[in-house]
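You will see two complexes here that share chain A, one where it goes with chain B and one where it goes with chain C.
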Partner chain A sequence: MSDPREAARDASLSALGTRPPFYRDATVVRWIAQVGTLILVLAAMWFLATEAGDSLRARGANIDFDFISDYIGIQVGSGIDTNPDSGGRALWVGMVNTIRMAAAGIALASVIGVLVGLARLSSNWPLRRLAGVYVEALRNIPLLVQILVYAAVLATLPNVSFGMGPISGWIHVSNKGLSIPRVFVADGFYQWAVIMLIGAVVARITYRRLAEQREQTGAQTNAGAWATGIVAVFAIVGWWVHPIFGWLGSPLGSLADGVGAIPQGVVQLIAALAALAVAVWWIRRFLAQHRTPAGLTRLTDDDWFRMIFAVVAAAIVVLFVTVLWPGLSSWVVNSSSDGLGVLADKFGNGRTGPPIDAMRPDIVQPGNFANYGPAGLNLSIGFAAVYFGVVFYTAAFIAEIVRGGILAVPKGQSEAAQAVGLRRSTALRRVILPQALRVILPPVGNQYLNLTKNTSLAIAVGYSDLVQIGQTVYNQTGKTLQVMAVWMLFYLACSLTISAVVNFFNIRMRIVER
Partner chain B sequence: MSTQPAHGDATIAVSDELAARDDMIVCREVDKWFGDFQALSGISATIKEQEIVVVLGPSGSGKSTWIRCINRLEAHQSGQIIVDGIELTNDLRNIEKIRSEVGMVFQQFNLFPHLTVLDNITLAPIWVRKKSRPEAEELAESLLERVGIPEQAQKFPGQLSGGQQQRVAIARALAMEPRVMLFDEPTSALDPEMIKEVLDVMEELARSGMTMMVVTHEMGFAREVADRIIFMEEGEIVEVGTPHHFFTEPAEERTKLFLSQVL
Partner chain C sequence: MTDPMLPPASTAMGAEPVIPAASPPDRPSLPPGRWIRENLFPNTRNSILTIFAILIALFAYRGLLNFMFSEERSWIAVRTNLRLMFTQAYPEHQYIRVWVTVGTIMVLAGVSAGIWARWGGVTVKRLMGWLMSGGVLTAAGVLVREPSVLTDAAGESVRDDAGELVRESFAAAMADRWVWWAIAIALLALGLVLWTSLDDLRRRTIEIPVAWLIFGLPALLVASTWVVRYGHYGFTEGEFIAEPGQLVAMTTRVPWTFMWLILVASFALGRAARDRAIASAQAAEETPNGGPSDEGADDDAVPELPRGALARTRTSVNLLWVLSPFFLYWVVMRDPEIDYAHVFSTMLPMGLAFGAAGAAVLWLLTRSDAGEVGRLAAIGLLLLAAFHWVAAYFGWYSMLQVARIAFLLLAVAGLLAPNFAGVAAQRRRLVGAWLFMVLIAFYGATVINSPSTVETPTDMFIGGFSVTLLVSVLTIMLSFPIGVLLALARTSRQPIFRVLSTIYIEVIRGVPLITLLLFFSGVLPLFLPDGMELAELAAAILGYTLFSAAYLAENVRGGLQSIRRGQYEAADAVGLTTTQRTGFIVLPQSLRVSIPPLVGQVIATFKETSLLAIIGLFDFLRMANSVIPNQSQFLGVRRENLLFVSVVYWVVAFAMSKYSQRLEQRVGLGQR
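The block that comes next holds the complex of A and B.
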């Protein structure tokens, strides 16, 4: 009986079926550790934030965002508004410029990248080598150097000159950039949009019906062609008959008044209830997913945290709309009422002109030098330099990713495609690329993020992107920290948006396995 | 019924005309090198219409290389390969024509994992034969019926067992309505209990009058189904004969050695 192991065995036998003390219970210990971590992190963040606020206040630095709405008297080189009436407007112009540059850059870089990547795998020797040289040269020269070189080369173009210019004045090229006709939304656009909306619905119904007919009879019904044709007919006829929807102005106007009359309390109540309903719905759905015929499956800590966060998030929303910022509700009511009112003004009142119009570029001479006026769509040399810089640079990386993705598809796939008689191009489009895309997409998403962030190099050639304008704004107002906060939030939002889009496609691309 | 040993030049009668009317595949003195390594040397053989030929031989004997040369997945360097009266040369049009007449089934199935079973089968009929989708789908469904898995049409290859995948691969090859079917070790990647379901499909195909060339290690299949057996070693054809001749009274020492190891 003196054997300690025997004794331990007796002890554990007598303890069968009893719960261990809480400090030895795995579930309890885990939860204490996790909640403890959470509290520590939140406390640290709170401490840092209050410390930073205190020290800023002690130095007398003001951290208000007044410049967003105040007039700060700066001019912007190019963009949707060259004389912004507030700091916020100026930054907005910069954001639009950055988004434009990034979106157009992503589109062109993708096309060039895929083509160069394919060329690197081509059996055509000169093409393959040329693509190799492109990739090696462009990705090994710093992007900033490339942008400066493009800017220097483009600056050698001739000065702006008066006169009609090429194609009777539709296009001008000079060392000030490129000026092309501006296409803009004109008088009857919203009335026309209503007609287009109806056309889209009709086309959709027709398409469904024809597709169904084809499914059943196997006859060619050309559903796609019909749908396109219907939209085209609505667009063309609508071009002239859109004033028939002018009457929509008054119902929209009364809708705006109706929305404006909703009391603040009602909106708060609806928002709070909606938040709670979403939380309840989400938790029910979550539990339903974990239900098997044998009952609820074991929930992990992660699952519990998710459900708790759903409740906490709902509670925060309720608190926010009722206590923390009650004005939000009336702001929502007023701005939707204003929005509807603006929309109502777009209808009727003799709006009989074309829905979309275009203007030829104009040339003005305010001072010593001629320049492009506001009539045309002007793309400056700075824009071109940054644009070509980020596009060619990113395309080189995308090309390598595309090449790698295609090489990652097993050789048996292209052999099988050849063996059933597919041509190389068909095999590439239908068999190889769809599979390569799974490998290509995540790293290409990273390149899209890089491209977007690299547009901030525009500051080197004076193109008015968000960073360049932001710098002007804080030089003028001294609100450095605030501007930087806006920068960071903006780039973060852009990056998260791109990530979300890429992830969405990534999930859709996933190959189904058992 | 001929039991001619095919080894050596003297015993092979190479006719002067290109190929007889019912010759489906004609190979003459086909050589193939991978760098310094000679994978095929002087392969000469004729496969008649509706004939079932099984190619046997140890690993690395050039069986797969030969069968892959016949639809130009590998290019031979000298000699002639004539399929259904079309010579396989660098002429792209001939290659295309032969590939659409020759179906191929691979050891690793090589189904397209991103397409459903139905789309795997209809891809080539739609893009190469220019069939309409309903027409191609009808064909695909009848082929899936034929290989015994009509209920799997909407699944993806990754959701099927190996045997089912290989049967889909056979259906995919048949969808091009080929004149010849090449099988490159079709059962080597399968679990034992799935081999039979694939072999059953192949036997049914053989009975329907398809010309078939099969590289395999399934001695039972060779014995039961083959009209002729070609034994290869080190890139050469060692012996050609009926299954009866081959399994009971092989002429060559190397054949005897091989049989003693596999049987």
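The block that comes next holds the complex of A and C.
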């Protein structure tokens, strides 16, 4: 951390026995500039915040989150709940829709992307050119234009009618979208999930044991088959015996009550202590880095400033949680208690049905026109347009990354694979792709992130994702800033989750390689 | 035959010849039969793949052609509304301003291409390949497209008893499409003639200059508007005009012919300037210690960039590029009505006073003995400038905004002064830059504060593609400096700068652009003080800029991290200040490395401008998706417009991405 140049300069200055005046001391000037910038940024934010507060007060609006629990009377086009009973529920429906679309999109985009990327490197001339045309055509047209084109084309499909196809009673396609059988989480799902969790742990332990045994003895132990079998057994048995975990409801309920009873002051105290602890830990680590066998190295002025600033930052956090926004801690307490309460409610004696259920799509005719009934999984034209849009667009970028990653594997690797007699497909699967993956994963993770963010373009075709529902909510309630805060937190959480998952696999890949 | 317009620049400068981008050695061509066997059907697996790929391609091609040539399509909607899609309802009698804008861009593009472009040639073999593929594709299209629908005498489509459309027979369809057959056969024949008239070695070595293709194809297109009766469609003064079988309107033909001439003339001008500079540099090399190149000694270090006259030309062309969007938008297109009384009473005297006083101050501050006092004076200027803004907030005294900005500019110039201290030429450079800034600031303030005389039905006097272009250009230009500053802060050793910049970049990169745009177009007014307003377009550009800056910063950071430690140490060793080290050593090298990702970011920004349609601005996409389908003549016509818009977006983005690939190779060469 410490800059050797500065240490040397400090040393030579003190050897001369003189220090420059403070306005010529580079360290001091730099810190003045930094603290000045920080103050300027904070002042600008404070200025904007007070202006916003004044404008809102002038309009008679308040910054509160009441709409999260209040009934706001909006209808949602599609999702797990089309008549949400509160603003929070409506936003939750939007989040589920966004996550659904992103997860399904990431899966399909990866498959198409890898296939097209491989096709671009194929020795077959027409296939190579076809993949090239796909990539160049799709990645150079704005995604929004593509989505609108898909929406315009899909709108020309036929109307809904009884006995329609392609497979009547199972899959329906019309200008209202796609209707397919719906698989959904039913009564006993959470109890069953506990059993599956236990099953997963048992399977993992078994797998480790057997794999270890195989390493030592060389005998074929079929670790993967055993692990799969154990999970399957737990899943099947758990399907009927899951009510035995119904008792989990009451301890979770008491936990929720217990968390809810924590006084506000305790949370503030814990937060303040945590901030101070982080500062102390950081300073200790900082000093440890400067400790050599010969003792502590000379600390430069810059080092001292850093340590002082760590303490100041901790003090600001303490001030923030205790004085500036005391309501934060009670909000944290209440929402965690509520969350636990919801979870407790999912367990219980009444929940004895199957954990997962399914329904076939139906067609109803309430008035003059036939329409899809609520039984099936109805994916609207908007969903299809956005889905095809983000999938095909992202796949073009993933294809280029895959191509680059494979080209980055030295040619000797494929030649060596050929030399030991591996078939082309085996060599690709066992030799080239594992090495290419290390290059491919980080940028592909970025593309997954882009895909997730791009689902927000659903607003252009009226599919109810988080942004679209959020806009409806704030048009209805006027709570624009609050909804935007929810957007920001949700998308930041998505980004962090995806980066964490990609990083996890990245690290695993490195370990496997060594 | 090599390109006569292309003297190899670097050999002329006496440096080692530039090796063209690494390409595999060209192998002799195979006879067609063997080529097909080896590339398409070498073994069973590949034959299946080939057939599969060709079937998919034909299926997609057939779908596209059936869509395009279907009787239900209304391509007239696109042709009638071309003007709307590119310039919205810009008034007829002021339309010359649009042409001046296009002409200016043509001149700059032509001159830049003349000075910079190093287009090679296309071998006859490739050209022949293009011609023959074009012929094959046309023939295939004629064969696979479904037969046309029969029409009765009134021009209505014929339907059978079941209501299905009745189509003509296959043979009749083939006969009807004789024009397309003729085109296909002409292309194939041209390709075959080229193929048979040359032997393989000459096919692969004879090159046709790319410049001929680049200027020749538009020439063909422009010339054809004078001959071919494309038909005349448009809204003239609100009247819908549809005259099939007519020549294109005079107001389209003449300007575009003129534009083509301007483009070629300025290209020739740029080439001539470059050739003259190279010739004089050669002359200077033959007689050492002389010649026009005053910094000729640097040539060994940077062989691809001849210094002297050509370098100055290049700098001024770059400067013109940077200034042109502002000038074209606020002065040419906006046609402001300037209040000359105000100019002569206030702006001109104030500008002269600032220019003269500032020049004097900077001249003093750049004295080599200014030292500590100079810096303190600059800081004093900065505090004074800041005080004016604080006073404006509390309303202590009134002052023209342009004066506050001028004070701030002077303070910044004062802080930069020590970097220019000493030599008289350097001092003159800083003073010149200051005078230029004053000119821009006062002229800009005058123009922006004058009302526009262009009257259109909407708030904005431009719309469609011109808004798309304006937003992308301004976003890129404004976000570039912010992005570089953020990248410098993020790689800085100062913890607070680093943390602030990291938080900003990661938060912006974590949220979708559309939420940011909704914030800036909808919520921003809440945050502004009373009486301050931000136009819708300005708010959108602000949103785009802040978004794009975060991504740009990451690209620039990649370049900064590629600079080796030794560069920093060397800069410190020769006693450069931190500013000098960053500006003269680190940034030039790192930006060179990050050029390809930066061009990628430019393409992304261009594509992202389509989101303007969502927040309610009349951009290119909105015209196609919402405006035209609501015209009474073209109710519900949407897919045709969207296809047209996709093609335009695609052409621009594809051209830029090809350019970036070339740049990548060139930058790679620079690192040898």
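Convention: the second predicted complex is superposed on the first by the 266 of 514 C-alpha atoms of A that agree within 3 Å, B and C clash if a C-alpha of one lies under 4 Å from a C-alpha of the other, contacts with A are read in each partner's own complex, and residues count from 1 in each chain.
Here, a contact is a pair of C-beta atoms (placed from the backbone, for glycine too) under 8 Å apart; a residue touches a chain by one contact, two chains touch by 3 or more.
As the structure is a computational prediction, the values presented were derived from the model and not from experiment.
By the document's definition of touching, of the two partners only chain C reaches A:492; chain B does not.
Of the two partners chain B and chain C, it is C that touches the larger number of chain A residues. Of the two partner chains placed around the shared chain by superposition, neither chain B nor chain C is touched by A:385. Judged by the touch definition given at the top, the superposed model places A:214 against chain B, while chain C stays out of reach.
In the superposition on chain A, contact is made by A:130 with chain C only, not with chain B. When the shared chain is aligned, chain C comes close enough to touch A:48, but chain B does not.
Of the two partner chains, chain C is the only one touched by A:35; chain B is not.
Shared-chain residue A:431: touches chain B; no touch with chain C. Of all the residues in chain B, the ones that touch chain A in their complex are 71-73, 96, 99-100, 102-104, 106, 108, 110-114, 123-124, 127-128, 132, 134-135, 138, 156, 158-159, 169, 172-173, 175-176. Looking at the complex, you find that chain C touches chain A at residues 39-40, 46, 49-50, 52-54, 56-57, 372, 493-497, 500, 507, 509-515, 518-519, 522-523, 525-529, 572, 603, 607-611, 613-614, 621, 625, 638-639, 642-643, 645-646, 649-650, 653-654, 657.
In the complex of the two chains, the chain A residues touching chain C come out as 3, 5, 24, 30, 33-35, 37-38, 41, 48, 51-52, 55-56, 122-127, 129-130, 133, 136-137, 140-146, 148-149, 152-153, 306, 309, 453-454, 456-457, 459-460, 467, 471, 480-481, 484, 487-488, 491-492, 495-496. Across the complex, chain A meets chain B through its residues 214, 218, 220, 410, 412-413, 415-423, 426, 430-431, 434-435, 509, 511-514.
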